[in-house]
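What follows is chain A paired twice: with chain B in the first complex and chain C in the second.
The block that comes next holds the complex of A and B.
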């Protein structure tokens, strides 16, 4: 409980700082939301009127304080572009990104951890070399390029899944899975590679431990030695890396959502930045920061679960 | 019950060199001994003498390069991994460092349960739990210790768990590899007492590996002295300690602090134990032996009987001819 309060106490100043930085950066970009709304052919007069209406003529600090005042009351403002309340947009978009992150993480664990175990058990062998090569490539490949390659292969050539778009799981479960398959795989690849490297390293370390020798001397089957005695102890650094990677996973989600036209948080942020729509950007940022902090909390709780010595 | 339980003959284990093309490390060379049921054999020697390698080869943590190991009629050296697992309950090992030898993620009760489950002891979970409680009682723990993790125990308590774990499957033989050297002296005594007591009660055969001569003298029926992976002297514990027939044993014995006698001459060995990748020719001990003569460099001394049941690998037995009485 005390930890939870500690985390929340860290969260507040973090949110404040990030929101100020985001606010200033968007303001520094050439052009503004009013120009986006009235279009390039509008007269100076129309532009001024739009600015007045949108409150863009107030000095920057004042605009920030107005925004903050309402934000602490749970009103994140309206999109400068569509006029829709930001909270309503978030309610639609957060599930998309959460789904992407969950599938991505799930796939990464399913691929990375077993691959890492195999590489450790057969270290310096052929399997190890192949797994390592794949992992290195996985880490080196940029998200957008990998996404495009996957679309070319699975959508255009094999025509197994649609190249882009989205339906919600509630509307059409199978369709949803089809749309999510390639994006999930895209963000899973680099994550799986990192997990594999970490799993391999910590398994190698654990496998030389005295208690592994004890387990073998006891007559424990090799399979059980690896999957129970060793993996359980190797898990802590793996969980740490998973927690740390959540931040970059969300970064990957932004690029991936753009490539696959998924209406998630990442797209919301990218669009918001292009349209100088600061309430939308702020809203998306808020959710992402909270997500990262919550992930750290969960990671912390997992430590306790796998390591009885942390109390 | 005086028949042979463990028979080791011509055991050799050389580890390949780390460097490419390097000479192998001659950890154990041509070691043979038999153990009768219920007998306690002490294996002594300084570090690097091959004591632990012998222990680990016997239970096949290492596959020996050559030689035979028969335990209760089963060929341990040649057995397949699968067959070996089935027979592992014949012989168990207590390891040196009780802290690192226990899996930190597994509760004490589960450590014992797993051993029972692997070897199919106790047909129901209920029965096994009962057996775990008995085992805990045997090492002086209350049943609630089953719920504890290794880090919640002291070093001595962990070694008790190590002993209970090894004895859980009712092995016919136990190897204690430096089982007490990581512990405080006062705790060492308790653990040795426990081992001795359990041995009387359960009458298992014991190979006790140690560099501590006092402890070995206390617990062993017979003692084998190792130097550079070879047995240099072996015989009844009492003979070895009272009338050693090998200069190396003499040196080891003279190093035991003895508060009661001041007159004992200390034999200081010169230099270090030679490189086991490149041992001296002839008698491997000759480079540090105060009695070494030219012949020692050319002749490999056989382990030959010098007294009833007492063998020594030293060609200069004439040194001991006048020494008919006992050592002071």
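The block that comes next holds the complex of A and C.
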């Protein structure tokens, strides 16, 4: 318990610095809360007056504190286009991206971990070479191009699933899964490639350990040695890599959402940039950063709890 | 002279063995299939980028309304696009665009990152803490998200894409350099130079910097692969290189709107895939060569 508190105490400075960097970026974005109030067609004088009233001409540190205060209370301003509170838009959009990330991660684990085990067990053989080549290709294929190739194959040629669009799971569970299938596969491929390489490396390391030799000497079946003794111990670094990949996963989701017209966080950010709707960009940006930082922290904490050798 | 003797007499640490790549390392990289395939693909891309104006079959700006979205044939090996431009020519010129962005962005982040790492590692103390914590915070952002934010601030263009990608990659170089500086700083010959009264600038620029460049060079290939992927993604989203300048990512985006005409997106996408693949292969080969030398 004391360890946990110590740990959290170390994290606070990082969270603080991340929030400052996020604020500075957001502050640099053109457009601000004053523009929100007076509208896009207001004159410079009206804008200046509103800024003065809202404290936007105060020094940066002071503005950071105001912003943090409002953000913590869930007030992220209103969209310059629709006038809707940004928080309300986020509530609708976050589940789409979360679903995409969860499906993507699930598929990646299903593909990457077994492939990595196979490559490690048959190391330097033909299977290893094929898996390795697939992993290298998986890491090199751009999300948007892979998405397009999948649409061409599964939607246009085979007509198994619709090319793009979205319905929520609550509305139509089967339809939702059909819409999510290709996007999930798209973001899963690069992730699976990374997982495969990590699984292979950790398994190879574990397989040379003394206790594996002992297990084999006792006459344990090879299957049991691999799945029970080796994999369990190899899982720790694999889980770490999974957590640390959260950032690239969300980055991939941004591009993938654009290809498949999914109304998630990424589309919110990209559309916001095109429409110069900066409060929306800020909101999406903030949620993505928090998601990444929190995942990294949880992974790190899990890693330390699972592996007592790390202090 | 005394300094050199001290240096050769010192116990070798990884930081010391880890000098910049020499001829032996190049040979070791090119003795693996990864090295050969990676270097060959990149050589083709580089050739296209440098000699684009002389080797393209058509000018990439040549609009031909009589040959709109024609499938690949003898006249147009990769077909034509929505205004009848030759896709092969645009892919070749796209190599130039992409590699300009990649080289400029990686050079920018390497120089700035190394400067930050050098200062942080050498000065230490509070300066180091603040610099490295800021680098950690920047690292917390997904590449493309930070790049998009910078584009949102600056507006989309080729030079802003370079700047955005360059800024995003700074922390990696800063961390690598700082790590090297920290171990070099403890070496006897550096301490001796300090005692002998050499100026800090001289120690840093003549001794620390050249010796810490090895790991940076190893990382360059991986950084280039990530930079290319980010550039392609930005251009695909319409927030990177702006038309009519040909870019692979932008061509895939137009191809997506006309996906019945597969050649419009397949070829530029393949170009991105192969180039990123080549950078990754080369990165693997270089890493293995360095690992072998450390053992």
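Observations, loosely collected:
The definition used in the following text is that the second predicted complex is superposed on the first by the 230 of 311 C-alpha atoms of A that agree within 3 Å, B and C clash if a C-alpha of one lies under 4 Å from a C-alpha of the other, contacts with A are read in each partner's own complex, and residues count from 1 in each chain.
The working rule: a contact is a pair of C-beta atoms (placed from the backbone, for glycine too) under 8 Å apart; a residue touches a chain by one contact, two chains touch by 3 or more.
If you're wondering where the values come from, they're calculated on a predicted model, not measured in any experiment.
By the touch criterion stated above, A:156 is placed in contact with chain C alone, chain B being left untouched. By the touch criterion stated above, A:171 is placed in contact with neither chain B nor chain C.
By the touch criterion defined above, A:292 lies against chain C but remains apart from chain B after alignment on the C-alpha atoms of chain A. Contact with chain C, but none with chain B, is seen for A:29 once the two complexes are overlaid on the shared chain.
With both structures placed on the common chain, the touch criterion links A:218 to chain B but leaves chain C unconnected.
Of the two partner chains placed by the overlay, only chain C lies in contact with A:270; chain B stays clear of it.
In the superposed model, A:41 lies in contact with neither chain B nor chain C.
Ranked by how many residues of chain A each touches, chain B and chain C are led by C.
On the chain A side of its complex with chain B, the touching residues are 209-211, 213-222, 229, 232-233, 306-309. Of all residues in chain B, those touching chain A in their complex are 59, 61, 81, 85-86, 88-89, 92-93, 95, 97, 100-106, 114-115, 118-119, 149, 151, 162, 165, 169.
The residues of chain C lying in touch with chain A in their complex are 133-134, 136-138, 140-145, 148-153, 225, 229, 232-233, 236-239, 249, 252-253, 255-256, 259-260, 262, 265-266, 269, 272-274, 276-277, 280-281, 284.
Residues of chain A touching chain C in their complex: 13-14, 17-18, 20-21, 25, 28-30, 136-137, 139-145, 148-149, 151-152, 156, 247-248, 250-251, 254-255, 258-259, 269-270, 272-274, 278, 281, 285, 288-289, 292-293, 296.
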